[in-house]
Every structure is written in C-alpha cells, then in structure tokens.
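Next up is a structure, given as structure tokens.
Here the chain labels run A, B, C and D in written order, and each chain numbers its own residues starting at 1.
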Amino acid sequence: ITTGQKPSEECAVVGYIGNNAYTNIIFALRALQHRGQESSGIATFDGKIHIKKGMGFVSEVFRDEFLEGRIGIGHNRYSTAGSKGVENAGPFVISSSMGYIGISHNGEVTNAHDLREKLKEKGYIFYSSSDTEVMLTEIVSEINKYGIRDGIKKAMLKIKGAYALAILINDTLYALRDPFGFRPLILGKNNDGYIVASESAAIDTVSGKVIRDVKPGELIEIRETGYRSIFTIEHEKSHCMFEYVYFARPDSIIDGKEVFDVRYNIGVRLATENPVNADVVVPVPDSGRSQALGYSVYSKIPYSEGLIKNRYSDRTFILPDQESRYNAIKIKLNTIKSVINGKRVVLVDDSIVRGNTMRHIIGILRKDGATEVHVRVGSPPIIAPCYFGVDMKTKDDFIANNNSIEDIRKEIGADSLAYISIEGLKESIGMNELCLGCLTGIYPDDIPEGAKPNYT
Amino acid sequence: ITTGQKPSEECAVVGYIGNNAYTNIIFALRALQHRGQESSGIATFDGKIHIKKGMGFVSEVFRDEFLEGRIGIGHNRYSTAGSKGVENAGPFVISSSMGYIGISHNGEVTNAHDLREKLKEKGYIFYSSSDTEVMLTEIVSEINKYGIRDGIKKAMLKIKGAYALAILINDTLYALRDPFGFRPLILGKNNDGYIVASESAAIDTVSGKVIRDVKPGELIEIRETGYRSIFTIEHEKSHCMFEYVYFARPDSIIDGKEVFDVRYNIGVRLATENPVNADVVVPVPDSGRSQALGYSVYSKIPYSEGLIKNRYSDRTFILPDQESRYNAIKIKLNTIKSVINGKRVVLVDDSIVRGNTMRHIIGILRKDGATEVHVRVGSPPIIAPCYFGVDMKTKDDFIANNNSIEDIRKEIGADSLAYISIEGLKESIGMNELCLGCLTGIYPDDIPEGAKPNYT
Amino acid sequence: ITTGQKPSEECAVVGYIGNNAYTNIIFALRALQHRGQESSGIATFDGKIHIKKGMGFVSEVFRDEFLEGRIGIGHNRYSTAGSKGVENAGPFVISSSMGYIGISHNGEVTNAHDLREKLKEKGYIFYSSSDTEVMLTEIVSEINKYGIRDGIKKAMLKIKGAYALAILINDTLYALRDPFGFRPLILGKNNDGYIVASESAAIDTVSGKVIRDVKPGELIEIRETGYRSIFTIEHEKSHCMFEYVYFARPDSIIDGKEVFDVRYNIGVRLATENPVNADVVVPVPDSGRSQALGYSVYSKIPYSEGLIKNRYSDRTFILPDQESRYNAIKIKLNTIKSVINGKRVVLVDDSIVRGNTMRHIIGILRKDGATEVHVRVGSPPIIAPCYFGVDMKTKDDFIANNNSIEDIRKEIGADSLAYISIEGLKESIGMNELCLGCLTGIYPDDIPEGAKPNYT
Amino acid sequence: ITTGQKPSEECAVVGYIGNNAYTNIIFALRALQHRGQESSGIATFDGKIHIKKGMGFVSEVFRDEFLEGRIGIGHNRYSTAGSKGVENAGPFVISSSMGYIGISHNGEVTNAHDLREKLKEKGYIFYSSSDTEVMLTEIVSEINKYGIRDGIKKAMLKIKGAYALAILINDTLYALRDPFGFRPLILGKNNDGYIVASESAAIDTVSGKVIRDVKPGELIEIRETGYRSIFTIEHEKSHCMFEYVYFARPDSIIDGKEVFDVRYNIGVRLATENPVNADVVVPVPDSGRSQALGYSVYSKIPYSEGLIKNRYSDRTFILPDQESRYNAIKIKLNTIKSVINGKRVVLVDDSIVRGNTMRHIIGILRKDGATEVHVRVGSPPIIAPCYFGVDMKTKDDFIANNNSIEDIRKEIGADSLAYISIEGLKESIGMNELCLGCLTGIYPDDIPEGAKPNYT
C-alpha cells in the first residue's frame, strides 16, 4: 500500500556551469527531491561526457562516483506506470555532428506521438517510449539544419505542450521554457558559477542568489563568463496553478510570487469567502500550514497544530500481510488530543483529489473529541485531467468529478465544506495568466488525440 | 556528511498479543521509527519462534516474510558506534528450560559490565557485547531459580539503570519498567488484542485505546484474556525530561502528560521568563513548533512559518565530493523570505546541543533580511552526559559545557538568547519526579565506574 | 530448479595462527568452497574478537572489511532447510569467564537434542537451533568446571556423533576430532604460521606443507611457537567412506590416502570386478574422471572426454517461467559427438543417488549415437540415511533403496550396470576403519531417537 | 585480483522464434555464458517490445520477470574497460518507421569511428559509444531507403570488421554473418521453433537439432513457418582460429568442425612435431584436456589428471588485504601428488598469452616432485593484437612478442617448450580459410586508423 494519494509532478530540472558542477547539481537535486523521487541522474561534460543514473533518492544514487566537468545537467524523475527502470531516467544525452547534446526535461509533450511518427519517417530512430527523447531528437534534427539557436527555435514551433529544459551542448548551458510557461524555471548564481533550476529553493540550497525567471518562450545561453537571452517566443502565458497550490516548496518564488505568500493569501481568501464560527484552525500538515495561517489571521480563530504527520510516511510501504486490513493513512496522520478535544475545528488543506485522506482525518478528529469539523480547501475542485506534466489522467480519480459540493461534504463527513473560488485563487496568486485546465476542463492549448502519458 | 546533530534515543519497544500480531507490531514500530532508525526486528511465537531482523527502516525490513503467531515483540534500534550489524539488532530471544524468552529493551543498564562478569563466573556465556543480552541472561538465571515472577523481581533488584521492556515468555507477554521510570512504556488495546509500546502514538496508529502507563517498577502480565499487575517495586521516580523536551512525538501522552501540551507550556513559560519586543515568532521546524505556538499566544507576537525543513534531510547523505565544502545544514533548512524580511524574529527551538545548526539558521535569517534574531530555547542548557539510554556521552559535544549564556549568544550570533529555567521546565511538565542529570550533572542513581555505551 | 542432485556435505573448517591470519583463512576457505556454499564466516582475535559472516560464496562475503589478529577460525556452511540465514552461519563465538571461545564445526551431533535439554536444566540458554551451539555450550560448561583440557575431554565423553573442530580460546588454537574420525581434519604449516583445515588442498592453497592428520579422538593445542597433542581418546575408527568416494577434492590427502588414488583404484577394481567389451571409457565430469582413468588403464579400453559439463551449472538457477518444462540437467551436461557416435561406451561416475542425472546422460549419449552404454559406479548402492553430517536423510531419495540392480538398470536405461562391491571399496581405499552406514544401514554408533538435521 | 588471464571473447548471440521464446533464449544464453559474463539481456516482441537487461550471470539477471512474445533475441556481453554498465548491455532495440528493430552482436566493427561520423553528418544521433549502435543505425538508415533486404545488403557493404548478428525486425528474425565469417553463427530447430546462436552447444542445450551454419556474408530470414537464405555476399573467408583453439566449447561444431576434434588433432600434431620422452601427459584443465588426449594417444605416453582446477576460481575475487601477497593462481590450480611425483611430465595447454599461469604451474609441479616438465602449446605464439572482437589489444601483454621460444622457456622454467606450427594448426583445423592475424600480424582486411575497442 502506498500512502501517497496526491497527484505527482513528473520532474525536477537542474543545470550548472562553473566550479564543482557535480556537487552543486547534487545539492540542487536534493532540494528538488519532492518533484521526482523514483530516479535521478546527472551528466557532466569535460571534453567527454560522464553520466550517472540510478533508481531511488538523490542521496542513494550519488554516492561513490565523482563526475568531472565544469558543466552539467541533472534530473529527478517521478516514474509513471510502465516506464520505470534506469533506462528511462533522465537526463538524456546524445552525440551528433554538433557534438554532445544533453537534456533535462520537466513537462509533457502533447504531440509527442505525431512528432515521433514524423521523425521516424525522416529516418530517425528511437530507443525508448519517452517524450523527452522525441523532443531531443526534434531539437537535434533542427539544429543540424539551422544551427543551435535557429534550430531550437524551429523545434519549439513544432513541439506542443509543456517543457522546461536545461540543455547542455558541449561546453554551453541553455535554459528553455515553453511559450505558455506551464512549468517553472529560474536562473541564479552562486560563488561557483551559474545555475538554472525548476525552483528557487534549489538556488538557496547552493547559497546562491536568484537572477530571474526564465521567461516563457525564452532561450537563455549560459557560459562561465555570463548569460544572455537569445530569443523569446511571445505567447499568452498559462502558468500551472497547481505549482502554487501544491507542488512547489513554500519557500520557492515562482514567476515572481512567493509560494508561501500565495498560500497564505488563499487562506485569507478562504476565510473571507467562507467564514465559520469555530475554536481552532488546524492545518493538514505539511501542505495546509500556510493556508491555515492566513485563515487564522483573517478569521481571528487561533491557529494550532492538531495533527501530526509521521515523517517516515513518504516512503512506500508494502505490507507483508496480504489482507492489509489496516489503512495506511493511519500511519500517516495522528491527532494531538488537547488541541482537538471539545473543539470546533476548521480543517485546512491545499486540495482534495480523491477524498480518502480527508475522510479519514475527519474520522480521527471526531473520535478524539472534535465537536465540529469545517473543511476549507485551498484549491477549487479538480474535475479534469492534466496533459501538461502532472500525473492526473483518469477522471474517475477525482471525487469532485460527478459530485456536488454537498455530496462531497457528506462523503467525507464534514460539518461544512468550502473550496476557494477560481476568482479567489487567481487573486491569491495575483496573476491572470494561469492554466486552470484541471479545474475547468478548458485547456490553454489543443490536446492532440493520442495524448496520453506514454504513447508508443 | 550527516545532517543530524541532535542526540539520539536508542530504542523503541513494542509487544502485542492477539490477532494479527505481526501486522500490529509493524504498524506500531513504524509509528515509533523516530526512536531508532538503524535496525528493526520482530519475534513472534506460535509454539515455535519466528524471527525477522534487518538493517534500515521498518518499511525496508518487513517486506517479504510473514511471521505467524498470536504473540510477538518488536524493536527499533539506533546503533551506537561499534555495535552496528544485524547480530546486535533486537529483539533478543533465547530458549531455556522455561521455554522461549524474548526481550525488547529501551534504556541502558549501568552495571552491565559487573553483571556480565558475575554471570560469567556462574558459567553463563555471551554472544554479543550488548547490555540487553546481559539483562536477559540475568533474568533467565533468576527465573530458572525462582520462577517467572519472583525471578524477574530478583533480577530487577540487581539490574541498575534504565529499562523499559516488552518480554515474551512462550505464550505470555510481560511489560516491565525500571523503578525510576526513566523510559516510557504504555499499555493499550485495540480490536485485535493488547499492545504495549514506548509511546501512546503507537497505540493510536493501530486504532487502539490507551489503558494506562506501566508504572515505574511494575511488572504487568498480559494474556489474550486480560492483563494484571504482578508487582510494583516502589522507588522515587525520575522520568527523563528529554522525552518531553525533544524525543517523544508531540502527539504522545507520557506518564499522563501530553507532549504537545508540555512543549506549549514551555513556550508560554519562555515568554513569561524571557519576553522580548519582536514582530514574529518563528519555530525551528519540526521540533520547535509547539513551543513557538505557546510563546506566540502568551506574548501576542504573531506566529508564522519562516523556516522550511527539507523533508528528505533525515536520510544520511554521503557526498561523493571529498572536499565536502558544502555544509549539510544548507540542505536542511531554508527561509521563507516574506515572513523574515525586515522583521524582528523570535526563533524558538527545543534545545541546543552543539550549536552548529542554530548558528547557521541565524546566519540565513539575517542574510534574508531579519533585522533582529532572538533565540528562545525550550530546555535548560545541557552540560553533562547521559547514562540512561541517550547517546550523549562526551562532554565536549555540549556548547553549554564551559560557556556562559553570553558566550553562547555570541558564538551563535543571536541578538538575545534565553533558555528556560529548570524550575520553569519542571512546572511546564507539571511534575517533580524527573531525571535532570544532563542539565545538572546530578543523577538519580550512582553511575558505576565502567558505565559506557558498550562495555566488553 | 536446482541442478544439484548429489548429497551435500555440511561444512568446511579452518583455523589459523600466525601472520596474516585473515588472508590465510580466506584462501583456505576458498579452497574448501565445495564443502559449503551457502554462507561463510571468519572470527579473529587480537585481544578483542572480530567477526564477519555473510551469505554466499567466500569471494562475495569477504570483500570490504579487514579483520585484525594473529589467530582466527573460519567456516563454510551448507544450509539445511529451515536454518538458512546469517544468524546460523559459523563460526560461533562466545565470551565466558574463560575469555573468548569460538568454534568452527564440521559434522553432526546426534544427541544434540538431549544435550540441549540437559544444559537447559542446568540453566544454560540457547539463541539458535544449531547443534554447534549445543556443543559449544557443553564444552564451555565443562571448561568452566575442569579447565580447558579436562573440560574438553569431559565434553567429548558426552557429545555423540561426528565433529571435526577448529577451536579458538583467546590466543590459542585447538584442533579436535571425534573418536570415530568421521570427518577429516589436518594440520599444516606455511611461512606465516600453523593451519588446521578440513582438507589438505587448503594447506596447498596457502603454499603450506602438511604436518599430519589430527587423529580421531585427539585434541591438539597450537600456538605460534609450536603445537602439541594434548590427549587422544582411543576408539575404533570409522572414517566416512563418502569423503573418498565423492566429497573431498581429488587433490586432497585424507587420513593418509590421496583421494585421487583411491578413486583411480576404484576404477581399476570396477574393471576387475565388472569387465565389459567396449570402445571408449567416458567419465561423468568432474567427479568420474579419476575412476574412469583407472578403469581405462586396467581394461585397456581407451579413455576420452565424451561429456562436457557446463561450468556455470553449480549456481542455482531459478527459471522465471513457471512451467519449467525444460530439465535443468540439459544445461548441465552435453556430449562430444565424435567421441560417442557409433561407440560402445563405458560410462563411469562416482555414485548414484537418485538416478535422474544418470538416466538423462544415457539418453543424450544414445541420441548422439552411442550404440551401447555400460554404467560403472564407483560406490556401492546407497540405501540408508546418514546421521553424521551428510544431507541424506530421506530413504525415498535413494533409487537403490527398494530396487534391485536390474531394476535400476532398466530405470536408467543402461545396457549393463555395475556397482563396486563393499569389499572392493574397502580395498580401494586401503582401509577397514570406515563408516559404511549409508551403504549397509549399520552405523558405527547408536543413533539417538530424535536425531534429525535440526532438533529444536 | 582477478584470476583470469586469458583473452576474453566479447559476446554471445541468440535469436529465437516459436513457442516459449523467452525460456529457450535463457537456456541458450546460459549455454553460452563463457562468451560473456558481465551482462546479459533479452528483448522479445509481441506487438510491443519487452526488454530485460542486467549485470551479472544469466542466472542472476533473469529471475523475476517473464517476457511475453513468440520471437526474441538475447545477448551475453564481456564488458571492456570503460564501457561497463547496464546502458551498454545488449541487445539494442530501436523503433523507427519500419517498426521495431533489435540487434544482438558478436564481433567488432573496425570502421565504427568513420561510420559514426558519417552518420552524424547525415543527422543521426547516438546515445552510447558502442560499435553495435553504429551498426544498428547504419542498417536502419539503409533499410529506410532500400527496404529490409536491400538495406541490409547496402549496410554490409559499408560496415567493415567482424559481426555475427541476430536481428529482430518486428515479428521476423534474421541471422547475419560478415563476409569473412570471423565469428561463428549457427541455425537450428527444436520442438518449439527455430534458433540461431553463436555455438551449436546452445542448440543442444534446448534439445534442438543443428540445421547448418549461417554462411559468411549470408542473410537468413526466419519465420515460424520456415527459413530461407536471402542473399550471400561472397568473399574469401577467414574464420577466427582462436575460436577453435580456445574460445568455443569443445562440444560445439563450428563451420563444420567439431571443436574437440580440432583440439585432439592439435594434440596429435604436437606429438608428431615435438615428441619427447616422458612418463605422463598432463593437461592444464579444463582447456588443455582435448589436446592432451591427442598427444597421449599418438605418443603412447599415458594420460592422467595431474592438476585440479578450483571450480570457483572463475569468479572475480577481490582480496580485502591490501598487500595481496598471495598470488591468485594458487587458488586456481593444485597438483595431484601421486600423478606428478618422480615423473617426467608433458604439460599441455591451449595457448600461452602472458605466461604467468604457466610459470606458476611449472613451479608447483616441480615442488611436488616432477623431475622434468615439457610444455606443449596448442597454438602458435600470439604476437599481435586482434581487431575482430577479441580483447587482446596491447602488444606488451604477449610474452611471445619480443621473446624467442628459448627466452620464453627460460622465463616459464620449462625443460622444453614447443608450440604447434601455423601449418600444423591449419591442418588440425582442416581448413585454410582462417584468420591468423594475432599469430602473424597480417590481417585479412585493412585496419582503419582509429580502430580501438571503444572510439568516441
């Protein structure tokens, strides 16, 4: 049994150029472990290419070997079903007439199936079923024709979907983001050199300073001596709202907004939109804390920690007992009796996907003496799949899909239930240029027919 | 490099009798993973003894096999240097003329060296250097002479130090606690049967109800049909204050006091004893949260989360780079800029042992804009070693050892620094019967000459 | 599927005193790998005891660590069902009032069950179900009373069955053999010091010289400065004939007889007792070679290699295919067509236990053109279990048990079949003092009721 | 320390079409384990491609998973330095506009460097440094243009060097051999379907019948319903003599010659060319046996087994002792005293590469009483590197390189030393169409400048 029931991001991306490239990348990947826990890889270049990939946590993969080089890219990956195994782990590196080209990818190419077929017709061959390999091949094929800069631009015009990339071309590093800007990508600098990473927390971890976000549609070229913007393909932006709501670390600043602030604002907004008389505001740890703080400050209902999360519960846990009568959620969360007992509780979490965890939490709160439980959710109901890099594909997974709010309230056993409004969410983020696809079913770009996690 | 710098508890103890003994024990051990992360073991009995032990997390050790039986004991262990390896993992089980006797032990026998020598003189033989083996042999030797109950009582009169035990004697379970009550031990019940465990959180995790603490000096006999107190050796109690301050989970209730409440009270007391003008109260997560909440409520300075702890940082992390120029603490904690920037911060944590982490945290708070940092510590200064089961042996490890509070303040770079008073700590716990040995150097019992973690 | 169908010896024993004890023991254990392949262990002493044990081949177990000390004992073990796992691996080492006592054991104690019960009554406790632990405890209990020499003698008078032991008592090494001399044990010397081992091939491997066999019933004390015989309990000897027939390496000299010579003599005797007209003598490799050479020389029928053994077939091979339609024997042996085709073949092997392999070999010989196949077996029919350290316990395993020679011939599909006579075997070995229990059902000593591989 | 000092073949190749493809391939790979021990892989096709690769022995790699499909290819690989790791393990499989194309390769492409550069110029990209990937890309690029049959033919005209291939193109199997026929490849059939493999022993192992060798330069197309020869590029043949001399299993029949027979003939020829007065002919096991039998029969000097090879010595053995004073050869071979003592020995082995083993053997023979040692070698002196798939690249490795026969005799300490003549070797094989490059320095084809094991 796995205890995780939240959707999973598919990747973390890092690029580094300067001293101690390998060590800097390891630290950055470790700071971004939450974006992909199944496998990790690093490729460095010092005239030759050096690659190390492995299954497991960053701390397990990079132990014995040292990779030489003043430039490198790194990748954490969340394996989707059917594509497990080291051979699918990033980064992908090839050699071509241009030399070595490596790529670390966060996102999902929606027209990978079509692109692959067209590239095959042109004679290209594929070793895996990965959309990253398709993107890499497309980029290489255009670079071969038009050179690096124009080639990448041409490729971008053909590749649809979400991609934030760290690209290594011999001794030069590139950062690239799709024109919608679905996935975050940020540029920074520390004493050793330049870093590009999925989240600013990675830059903090190497004692660096943020320079700025890579702009949607922008290609940045980074050398040891400096960086410059090569081009930007302008387009209406649509940043994934779920990065703010759940995925990103609260200490990251994404596209100018600090994630903690956004979540705090969401809490304030929830309190404005859906006030309730209660005695204590309790977050579902860890993700509900920022929102609960906002709710508490605005509502003046005291904040406290009424739930404890077992810190070992992120590790998959396979029970030897076949029956597995025990619910894994029991291992994950427990109450603090004195905070809960005899209290009317406002329970705050970031989002509800399937609802199982929430039903269980309400159950234990009541058992341990909560007189009322009012649930406040920091995201509007999720009702549609994501095609841009988040592992939510089946409509049936979503409790909100065919149920009214009242249905859900009953299902989870709450005294009251309220989600933040879409308008409220936008204002909390402070941005209109958002992807809201999984909330509305309306996507910022067409979804090609065969778009599924893994086309073959 | 390891990121942990806090002292480590040496064990978790579980006993179970009833249905699904194996599964119940696994869940309980997992809830008590924080008390020992290096190895785990379970022994069950169904006429025969079944044992499974292994290095690593509970979730890694118990995967493939299923152990039959309606009774069992379990153990998590924190290996001390020089005694790593599966052969030293608990629980210990032997067969003797009485049948099978197994033991799970939390604590430390201070006169193990003497006892071992005396037992050797009587002809007993030892397979390991463990104090648990000595205790088990002593118990068996007395049981052989006097029967189970009197034998255990006789043995207790000889064994000095700290021990909380789950004992399996064929199909009967026993719970036993040393007369001082250093280490916690609690009895509970769920639908499947009876459980004894180091902390009440384990009972919650198996959906059980707490019955009561095992009393210091008490032997409880537990059968499927019920339990009864066999005897209690009365003595002045001295519960380890550090269980409340740091070790135990905040959701556990130990000797009648909820750990969260104690820590909250500590926070209140810190605010009373050491007020300060400031803008925000920030805990060092996770252990400083309860205290910071208390501090905030009493001082009326708003509480917020200004530090984020990387959730993967509890895993040991060995850098392939020999130089290891990067401090591991950077990976562990990062700031939330908007909470810190331009603010006078009250920083609250449970205790300071070596001071490195605190100095680092203050550094990053200042770098990210904190104008003042006032440190409030939920434990009096630690100045002396522990001989009762906590891995603090070298005086030189303690920053408070030969330094004044002012020295320490300078060393860690705080604007002000205050520890809770011993009196304040006692009142926060609400109990006088405490061990305060490591705070005062005065121990509740004599420490025999050769008392060291592992005598041979 | 496992390809092995021969009975398995249960252990190899090594002891070393002098320079580079650890390295010398590793080499010796590797030379004796055939006597036990499941686990290996070494214990050395340098004031402290150092132990390393592990599952797998010698080359897999001793890789990373180095054990200090000028004295040590080593052990290879063939796990019998139900006692797998590192905790049962040898050697066993304990500390007692005499200091450290370690033991490496080859053989089987027939009265272990009784001894264990009696020792339990005296108060001793047991951590495993191993007969070695019983023997060790018995020895220690007597040593405690009577000192080392007399204690060991007293223990020997109580312990029944087969045992060849390397014993470490602090800085002194002892070699001990049961009065029957079932299992071999030999003393040698190389430039670094003294060695005791199960077979002389181990002494050769460390570039040593054989000194002499340890005598049945003898205790030898070995120090760096020399060795001396302490006592010898005289008794009618009964060396296991199966060591000569199959177990031991052909290059070993056991109790004065070179194993190759014995097997060669067996071949000669087979040719005398059971001549046949044929074109070629073909051994079943590897174990049939020595006998086939003898058969060829006496019979004047040319010797050739008509069968090839796959050298990788000793590794257990678990097929992922459930059906497992393919016989593992196919992987093990193949013919050399030109040697076989159109020929009348005399096929020579050491022994027949279950008969499966032999039936298969005859099948492929005929398929590849052999016109006649005459089987000659270098051991009389095996019809009874062994209680002295060889893993043959179930009568039903033996094809010879309830079948006449003619029945077996039909069963395996041979044109003729002959076993060496018991008389012939004795003369080939050149010794009368043999155990022939599994050939006759008459054992050199009483077999206590509960004698089974693992009593509990 | 490694005990192996013989050159190593680089691969085994298997293809199967029919029932139980996966199981048949596993058995065949296991029979060919000697051609590559570092990694193994299988790819099957059933509409989708299924791949399993891993480091280690066949028995270690294929344990848990089952690969579906009625067609598949398999590969054993001997890693050359710098190219270890699963990512370089065979077989290679790609998808292209033609569907799936997989390839298992034995041999070495001498112009891989040039081909790779040219393919890069055409826009192709490479994921590894392997010559197999180059060959596969070349084949795919031509197939894309000319279809399967003509495409493969075109590719063959460009690819230089040695290659024996099993190719899977969707549901059809192909067998292909370079026009020189350096490496063996043979077609067979069993009850389940058709098999193609590097050696006939693999066909025997799946209870199959040999159909015929794949001809040098021939492409055979194999379907479930039958096979047919598509084309044959005629060229002067040059089969690798070293397959007969050392690599292949003695029970294999390669290009019409049984390996055992060839080696036996070599022994006869050695006795003709270089007779000597002696008492016993002793092979260096295992590879010298066939030759020694021939020598004995012709010379009438009796054959015996005077050396025993430790069967566990093929496993790499890393000593924990840094000094490693002990020579690994000691572990590998030991004498049988009675065969050697007081005898004039003719010692026969297949070849001498570096000479260390031979010197050691002669040393132990003398120590154990051999009065004379006359060495007879079943291959002419090796003096030049191989560029066609055998891991002998550095001239300095060869003892025969700058030494006269007399020098070598002294160096190894023999009483006399003789190699078979080149003429004698050819006649023993019974074939003129041989590669003798490493014996003469004259190669059957030009060696392009950059030809090295791994070009990048």
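Quick note on the criterion: a residue touches a chain if its C-beta (ideal position, glycine included) is under 8 Å from a C-beta of that chain, and two chains touch if they have at least 3 such contacts.
A quick note: this is a predicted structure, and the numbers were derived from the prediction, not measured.
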Separation of mean Cα positions, chain C and chain B [Å, integer]: 50
Chain A and chain B: spacing of chain centres that average the CA atoms, whole Å: 35
Chain A and chain C, separation of their C-alpha mean positions in angstrom: 60
Multi-partner residues of chain B (at least 2 other chains): none
Chain-level touch network, classified as line, ring, star, complete or other: ring
Pairs of chains found to touch, sorted by chain label: A-B, A-D, B-C, C-D
Residue ranges of chain C touching chain B (in the complex, touch as defined): 48, 51, 53, 86-87, 92-97, 101, 117, 120-121, 123-127, 136-137, 140-141, 144-145, 456
Chain C residues within the chain D interface of the complex: 20, 22-23, 26-27, 30-31, 33-34, 57-59, 62-66, 201, 204-207, 249-251, 253, 258, 260-261, 286, 289-290, 293, 297, 302-305, 308, 310-312, 314-322, 325-326, 330-331, 334-339
